[in-house]
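Scrolling down, you'll hit the structures one after another.
The two complexes that follow have subunit A in common; it is paired with subunit B in the first and with subunit C in the second.
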Partner chain A sequence: MEKTIKQWLSRMKQQLGNKVRSMEQNGAQETVMLVEKTELPDVCYFLWHEKKGRLFTMVGNDERDIHGFFALYYVFSFDSFRHFITVKTLIDPLDPTFPSVAVQLPAANWYEREVKDLLGLRPQGHPDPRPLILHGDWPEDLHPLRKDFPLDRHAPRVQSREAFMPYDSEDVTEIPVGPIHAGIIEPGHFRFGAVGDTILHLDARLFFTHRGLEKASEGMPLAKALFLAERVCGVCALSHSVAFAQAVERIGEVTIPPRAAYLRTLFLELERLYNHIGDVGNVCAGFGFAVGISQGARLKEIMQQLNEHVAGHRYLRGVVRLGGVRIDITEREKEDIVRTLAYVKKEFQELVDLLFSHDIAMNRMATTGVLRLEHANDLEVVGVAARASGRSVDIRRDQPYAAYDQVPFHVPVYEAGDVLARVRIRVDEVFESIAMIEQLLHSLPSGDTFTSLPPLPPYRSAMGWCESPRGETVHWLMVGPDQTIYRYRIRSATYSNWPAVPLAVKGNIVPDFPLINKSFELCYACCDR
Partner chain B sequence: MKSGKEQTTDLRWTLQKRMKEVLGRSLHIRHVDSGSCNGCDFEMNTLTNPIYDIQRFGVDFVASPRHADMLMVTGGVTRHLEEALIKTYNAASEPKMVVAIGACACSGGIFGRTYANYGGVGHIVPVYVYVPGCPPRPEAIIEGILLALDRYEELSRNRYEELSRNKGENRH
Partner chain C sequence: MFDLIRKIWRTKTVTKTELFTEAPERFRGKPIFTSNECTGCQACTTSCPAGAITLQQNDDTITVSLSYTTCIFCGICAEVCETNIIEITNEYRLATKNKNELTVSQQATLAKLLTARKEV
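And now, the complex of A and B:
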C-alpha cells in the first residue's frame, strides 16, 4: 500500500479517536473500521461530510451463525485515494435496532429501510417508516433475509400498510399510474400530486419485481451464481456478471490475464453502446419523434446482432467466467466489429444532427426535469444522471477495473442537469466508446483468456464494481463454506438514482414525466432484485 | 438453404397468413411484466423495430387488456405482481391466449420459487404456449404466436364439434 494512504488512514484514526474499536485491511483497497452501533451516525457523517467519501453501498448481514450477531457495513469510496473505507458494526439479536444514519446522510435512506424489511434491524429516528422492498401486505415480523427463514416460504397477506402522501387541499389532484403501464415497460406505481398540469409531488412505489434473488443466491455454488448475476438485469447483464466475477476474484486474490481484462472491457463498451444508442432513440418516444425512435431502434438492433455474432448472445450473457472470459475473438471478428462500428457511427451521427437541430425536440428536452447538483450529491446519484448534473463520477476512471487503466478515455460532464444534458452525455459516450473499442482492438494482447481460481476461504468478503450503461453497480459478496455464497448484495445504479427522479420531476408538467423518466432510463429489475 | 434474414421474413409472412386463417383479422397483444429481468421485455420491443416490424404484418401491442386477444407474460410472477396479473387476465377479452415468454415465465428460471416469486406464470393463470429462452430471440417469440394460433384453432374446432354434437343429441 502506498505511504500516503497509510498516513491518511492513521490520521483519520486519530481524528476519530476512540470511536473506532479496530481498523483492519480487507484486501489492498479496503479498510474496515469496527465501531459501536451508537457511534455509527457520527463516524459515517464524518467520512461523508468531512472526508468527502461517497456512500458506495450498505449491506446488512445475518452473521448469527458465525459469531452470534447481525452486521451492518456502510462502505464509502474515496476516489482520489482509490480506496474504500467500510464502517462495520455488530448488532445484538436481542436488541435489533441501530441509530439511523439517514437522518444526516440522505443517501442511506433506502438502504436502512431495506435492512429493516429484509433483516428486521430497525433504524431508530429514520425519517421514513414505510416499507420499501416488501410491500405493505407482507407481515411486519417476518424477515426473509434472516438465515432461519426458508427460501420458499410463502407468507400470508395482511392488512396493507402502504401509505402515500396525503394532500389537504382540494386543488391537488392525485393521479395514480401503474404498476402495469401502457407500453412494453417494467412495472412500477406512480402517484402524482398535481395542481392543474404541474407536478407538486411524486410518490414512486417500486420493488414490484422483487424476486428474492439475493436470498435465492445464498448457498448457491459460485459457478452457478454467475448465471444468476447475469440475470439480475436484462440490459446490464454483462456489467452485473463482471462485477460479480470481480468480487469472487478479489476474494481469491486472483488477477485475470491481460487478454481477458481487455476482452471484458471490449464487451462492456459494446454493452454501453447498444444501450446508449437505444436510449437516445427511446428518449425520442417521449415527444413522439418517430424518425428518432425508428433510427435508434434500428441501430440498437444492428449492435445487438453484432453482439450475437461476436459473443453468441444478443445481451452478452455467457461472456464472463470466473477468472476471465469464455469468449475469445478472432481476427475476422475484429474486422466485423470495426466495420459495423464505422457504419453505426456514421448513422448515429446523422440521427444526432437531426435530433439536435430539431426545434421542437430541443424545446421539449432543454430545461425539462432538472436534477440539481446538490440533490445529486446528497443522494449519491451515479452514472449518466450524475454526470449530466455536473457530478463527475465514473467508476471506470475513479476505481479502474478490467483494462480501463490501459485505455485513455474522456468522461463527459454537463452542468445543466436537464433531459437534454442526459441525452448529450449518452451521445458523447457513444463516440467515446467507439473510440475506446478501436483502441482496445488495436492493442489487444495475446495470451490466455482465463485463469483458474483457488479454493476460497469461507466468510471472507469483497466487492466487485462496474460502470454499467446506467452507472456504477456494486456487488458485495461474502462466501460461505464449500465455495458457496453466504451473502450477496447487489446495489445497481438504478437503486442509487431512483430517489432522485421525484426531485427532478417536481414543477414539471405531468405529460413530461415519461420523457424525464426515459432520460434517466432506470431499470426496475436490478433495483428490485 | 435460406439466409437468416430470409427465414425471418418467411416467418412473418406465415404469421400474417395464419392470422387471416385463424382469426380473420389482426392480432392485438397486451404485455404483462410479472417480474422479469427486462430482457424478454426488450426482445418483445425488438419485434416492433424497423428490422422485424411485425406491426406491418398485422400484430400490434396494445395499451389495455380490454383490447387484447393475447397476453404475453414475462417473468415468473412475483408476490407483488400477482394481483396485477390476475386483474389483467380477468380484464382481457376471450379467448385470453396467454403466452409465457422466457425461462422465468415458463418455470421461474434460475431464481425458481422463492418467498417473493411463484416460479412460473402457469401457477397463476392458464397458459396457451410456453416460449423458452433467456431471453427468447425475436423469431422464437413469433414462433410462439404461431403455436398459440394453432392451439386456438384446435380448441375452437373442438368446441365447435362439441357444440354441434350437443345440438344433434338435443334433437333426438
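And now, the complex of A and C:
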C-alpha cells in the first residue's frame, strides 16, 4: 500500500507538472502541495474531477506573523488510498484576492464566502457575492479572524446588505419564516418563493448563532480548548471532542491505548444511538404521528439515562481527554449497557414496525424531499443524507479512527434520496450500532485509558475527523507557541449538508418543509459556530 | 390502528411508571469542599476551564471559593486537587432564592499550611 501511494503521488506530480511548486508530507496520511494562487482552480478541479478526491474541508489562515502571508488550504480526501492531499497557496496581504474555485467546484461555495467574510480574502469570479457568516449589517471591511482584530472589539452596525432572490412574477408568493420559530428550535431564516403551495425556490439564511468560537479559541491552552470543542454542538458533543483530540494527538504523533480507542468507539456509538432513535421519533412530528413522537422520545430518554449512568452526562460530555478517555467502565456497567440495549432494540423494532406499516406516514415520507445523487456529489454532502441518496461515504469505514478498524460493520446505502430513505438509513444504523456495541463490549481490551502527550511543536497543523450522527465532522488545527491554539477550523457535517436542503425542497409543498428539514436533522449551532 | 392502541396501552404513562428518584452515582453534579486542608497549590484554579474557582490569600488565611454560576460540572478540579478536598457529588438541584448560596468557600489557615508543608 505504501508503495502504491508513493507511485500514485509521483504520477500526480508528473501530471500536474510545474503547476505544483513543492510537495511534502505532513504526517503519515497527508500530502501538502504548494501552488501559486493562479493555479489554484486548475489543481483543485483536477484533484476533484479527474482524481475523484472529495473536498474534505477548506481553511483560511492568517499566517502573517509567521511568514508574512495569508494561507488557504483546500483539503481533498482520497478514500481508497486513505490519504489526504492539501492544496496550499499563499496570498500576499497587499493583494488579498484569489481566483475562485467554486465556479467549477460547487462544494467550495460556502468555504470561499466564509474566507471572504472572516479574513477579507476575496474569491474573484465567485458566483455569489453575498455575505455568509457575518450578516449584512456587519461592516464590510472588518474581518474578525485576522490576527490584528482584537477579541474584545465592538463592531458598529451598518445599513444591511442582505439580499434574497427577487421574483418578477406576481404569481410567486414570498413566505418569510423565522429566525424565531414556533417550536423551541434554533434560529434560521427561510424565505420561500411559492407558486400556490408548491415551493419554487428557498433561500435559507443561517449563521444567526455565530459565536466566533474559532476566534475565541485562538491562544487558548489545548486542555481548555477541549471543553470548547465539546460545546460546539449540543447533540454531537462527543464527536466534536473526539475530532479535536485526534487532531491534537496527530500533531503530537501519539497513539492512544487500545482500551481508550475502544471506549471512544463505544461512546461514539452510544451518541449515534440516542440521536438516531430520537430523530426517527422526531420525523413523526412532521406529519403529526403522535405515537411515533412519544415512543421515540421515550426511547431516547432511556438512552440518555444510560449515558448519564455510564459516562456521568446525558450528552456524553467529559468523556474524552487529550490522549485517551476520562471515563472507564466496569463489568457491572457493561451488563447494564447490554440489558438496556436489548430492551431498546425490542421496543425500537416495534416503533419501526408501527411507522412503516402506517399508510399515511409512508405516503408522506415516500418521494418527499428528494435529494438527487448528482446534487449530493456536487455539494459533497455527507452522513445520513448522502447515504440515503446513494452516495456511499462513511468516514468510520473510509478513514478509520479510534477502534473502527477492529469491528466489522455494514454501511447501509439507499438510492431513493427521499425522506423515507433517510429514515431507513437511521433505522438500519440503529441496529448496526447496537450490534457494534455488543462486539466492542465483548472484545474490550484491558490496559490504560490514556497516555500523556509530549509538548507539541509550534505551527504544525493536523486534522481530526469523526462520523458524528449527522455525518463527517472535521477539525483542522494549527498549534501556536506554548501549547496553545493558533488556528482552529471546525467543519461540521451540517456545514456540508445545509446547502443541499434548498435543493431537496424544490417542487415540494410548503407544509412538507418541516418534514424534509427534520429528515435531514441538521443543527445550526455547529454550522454557525 | 389496533397495534397503535395496544402499544399505547402497554406503555402506559411513562411519568407515572418510570419515576425519577435521584441522579446516578457517576452523574457530575455540585462539586463541594470536604475539608479545609487546602494547600493553596492553585492546581484547581489554573485547570478549571470555566474559571469558577478563585483563591484569595490574606495575612494568614487562604480562602478558596467555587461558584456554581460559572461551573460547568466537568470534574477536573476534583481530579487535580493534591489533597483531594474537592469532591463531585451527584446533587443536581441548584435552584435557590439567594444568589450567595451559589458560592461555596473553604478557609485554611496559613499556620496549618506551614505545618502541613513540613510534614511532607
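Some points to look at:
Just so it is clear, the second predicted complex is superposed on the first by the 528 of 529 C-alpha atoms of A that agree within 3 Å, B and C clash if a C-alpha of one lies under 4 Å from a C-alpha of the other, contacts with A are read in each partner's own complex, and residues count from 1 in each chain.
Throughout what follows, contacts are C-beta pairs under 8 Å (C-beta built on N, C-alpha and C of every residue); 3 or more make two chains touch, one makes a residue touch a chain.
This structure is a prediction, so every number in the text was calculated from the model and none was measured.
Once the two complexes are laid over each other on the shared chain, residue contacts for A:354 go to subunit C alone; subunit B is not touched. After overlaying the two complexes on the shared chain, residue contacts for A:223 are found with subunit C alone; subunit B is out of touch. Of the two partner chains placed by superposition, only subunit B is touched by A:182; subunit C is not. Of the two partner chains placed around the shared chain by superposition, subunit B is the only one that A:525 touches, whereas subunit C remains out of contact. Once the two complexes are laid over each other on the shared chain, residue contacts for A:311 go to subunit C alone; subunit B is not touched. When the two complexes are overlaid on their common chain A, residue A:212 makes contact with subunit B while staying clear of subunit C. By the touch criterion defined above, A:298 lies against subunit B and subunit C together after alignment on the C-alpha atoms of chain A. Partner contacting the larger number of subunit A residues, of subunit B and subunit C: B. In the superposition on chain A, A:232 contacts subunit B only, with no contact to subunit C. Of the two partner chains, subunit B is the only one that A:153 touches; subunit C does not reach it.
Subunit A residues in contact with subunit B (one complex) as well as with subunit C (other complex) are 224, 227, 294, 298, 301, 317.
Every residue of subunit B that touches subunit A in the complex is listed here, in rising order: 31-33, 35-46, 48-52, 61, 63-64, 75-76, 78-81, 84, 88, 109-117, 134-135, 137. On subunit A, the positions that touch subunit B within their shared complex are 134-135, 138, 144, 149-155, 179-180, 182-187, 207-213, 215-216, 224, 227-228, 231-235, 237, 294, 297-298, 300-301, 304, 314-315, 317, 523-526.
Considering their complex, residues 223-224, 227, 291, 294-295, 298, 301, 305, 308-313, 317-318, 326-327, 350, 353-354, 357 of subunit A touch subunit C.
On subunit C, the positions that touch subunit A within their shared complex are 3-4, 7-8, 11, 14, 23-24, 26-28, 47, 49-50, 72, 74-75.
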